[in-house]
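Labels A, B, C, D, E and F are assigned to the chains in the order they are written; within every chain, residues are numbered from 1.
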Amino acid sequence: MEIRIIKSPAHGTLDILLRRKGSGASTPIESVDAVGLVQGRMIEMVCAADVAEKAVGVTVEDIRGNCPQNMVLLAIFGDTASVEAALEEIKRKEKEGTPEW
Amino acid sequence: MEIRIIKSPAHGTLDILLRRKGSGASTPIESVDAVGLVQGRMIEMVCAADVAEKAVGVTVEDIRGNCPQNMVLLAIFGDTASVEAALEEIKRKEKEGTPEW
Amino acid sequence: MEIRIIKSPAHGTLDILLRRKGSGASTPIESVDAVGLVQGRMIEMVCAADVAEKAVGVTVEDIRGNCPQNMVLLAIFGDTASVEAALEEIKRKEKEGTPEW
Amino acid sequence: MEIRIIKSPAHGTLDILLRRKGSGASTPIESVDAVGLVQGRMIEMVCAADVAEKAVGVTVEDIRGNCPQNMVLLAIFGDTASVEAALEEIKRKEKEGTPEW
Amino acid sequence: MEIRIIKSPAHGTLDILLRRKGSGASTPIESVDAVGLVQGRMIEMVCAADVAEKAVGVTVEDIRGNCPQNMVLLAIFGDTASVEAALEEIKRKEKEGTPEW
Amino acid sequence: MEIRIIKSPAHGTLDILLRRKGSGASTPIESVDAVGLVQGRMIEMVCAADVAEKAVGVTVEDIRGNCPQNMVLLAIFGDTASVEAALEEIKRKEKEGTPEW
């Protein structure tokens, strides 16, 4: 899994993500301070999405892209502190490597 | 094959799975306590789906990836004990490695 | 080529296959006792389909899935003995390795 | 490039090919004695198609894979001798390896 | 990540890019002196898009590949100096390799 | 990058290419003496398209095919001398390996 964070994302960057999010381009995302990005295999991404969802103050979306067939990009929208906390939690759970996230 | 379990999945996590399930986003899944995830080659996942279906108390769905015609993940919905039992059975059959699951 | 057989396939397993078969989800498959699965490259699958078709008592379908771009899954529906015979014949022809199946 | 020939193809085998041919499933193919199959990279298959087209008595079709926009296989329909001659010519040109087929 | 620049792009080259850009073929791009191209993994390209967007005087577009849902290339349109500056900034940030672009 | 030329392409070969060209199957291509084919990664292809476009007397089209996700086929239509000149120029620029084609 690869993890990155974009602080104060530019308008065009959000557009690229919002156009490709799984819930459809029309569902709005509230104003975001930061976007966390997590790329990995589909099974990892679903688990990471669950960890992030259970964190506070973030919205999680799967992003369609050029990833190989069983890879996905996950975008985590929210204020900077919440996104950082969610990403930290994802890293921590991954390190533990338990089958039950 | 990689196997994971998510207990008490978050609402957004279920959304990602339900949006991509093969039977269509409109077919409802009853309230789930746990989701088992199985990722592997198509031929393995079809066999794993059959093992899970023959277990008791779970609903099995194929989950699409980026392309609508893909199947990249098997999701097994149900109460925690049933999902764990189904995943155990899949692991056991895989270990046996017999051509007849 | 990888070959497997599912005896008395569960209803949900058949659904996954029938939703993805090349002749369309609406073409019915008569009640099946067993499903043979063959996964490999497109060119092998077409040849394997021909071998199976020439066997007696089976219906052959190509299944869309998560296989890489030039891989396909072939499903062979029929009674257990016929499916086993068709799979045996596919293995035999593959071993011979002649360009003319 | 991999090359195979199916003599007296079964009805279901032709169906798999005809459903996926580039000119559309509705364009008929006259009764065929044999089908030559060529699988390789896109650039190779376009060149092979041209060699086959310039041979006598065969019809050349591009066969799609899982994605509708893909071309994964070249199918050469015709009587057995013509298909064999076309495949021989493709092999010969490939061996020469000249940039001008 | 691979990075290139096309100065005074030909009409047909722009057509290939504009036909595949994420915001749709109908959204116009103002007359461009240069196009910067960045190819890499989805997560890298989203971050590179953000760096370029925050640079001055360029328009950033995601370019689709063969499948409509793919994003394989980032195109940065603008005058030559601005595109060069944006590409320099992308290279610089990549070299730093910080998780926060 | 792989480069080939087909002189006096057969009708069926042109059909395969025209059905898959980026500008749509309905845009006509004037009668062609030769087709140059260039296969490579998307970013290389856009640059090669620009080099070919700036050459005289050729029409450049991107062709959808079975190439992996970030690969494309470029077809260069025109009279034999012009296509050869365009391909020569593409090879020359590639050898130089400059970021500015």
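One rule holds in what follows: a contact is a pair of C-beta atoms (placed from the backbone, for glycine too) under 8 Å apart; a residue touches a chain by one contact, two chains touch by 3 or more.
Heads up on the chains, UniProt names are A, B, C, D, E, F = BMC domain-containing protein.
As the structure is a computational prediction, the values presented were derived from the model and not from experiment.
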Just how much do you need to spin chain A so its Cα atoms sit on those of chain D, in degrees to the nearest 5?
180
Label of the chain whose CA centroid is most distant from the centroid of chain E
C
List the interface residue numbers of chain C and of chain D, divide the shared ones by all numbers used, and answer same when the ratio is over half, different when under half.
different
What is the distance in Å between the mean C-alpha positions of chain C and chain E?
45
When the centre of a chain is set as the mean of its C-alpha atoms, what distance in Å lies between chain B and chain D?
39
Centroid distance [mean C-alpha coordinates] between chain B and chain A, Å:
22
Which parts of chain A, given as residue numbers and ranges, touch two or more other chains?
64-67, 69-70
Spell out the residues on chain F that touch chain D in their complex, using ranges where they run on.
2-7, 9-13, 15-17, 19-20, 37-39, 63-67, 73
Taking the touch rule as given, give the residues of chain A at its contact with chain B in the complex, in rising order.
22-23, 41-43, 46-47, 49-50, 53-54, 59-60, 62, 64-65, 67, 69-70, 72, 99-101
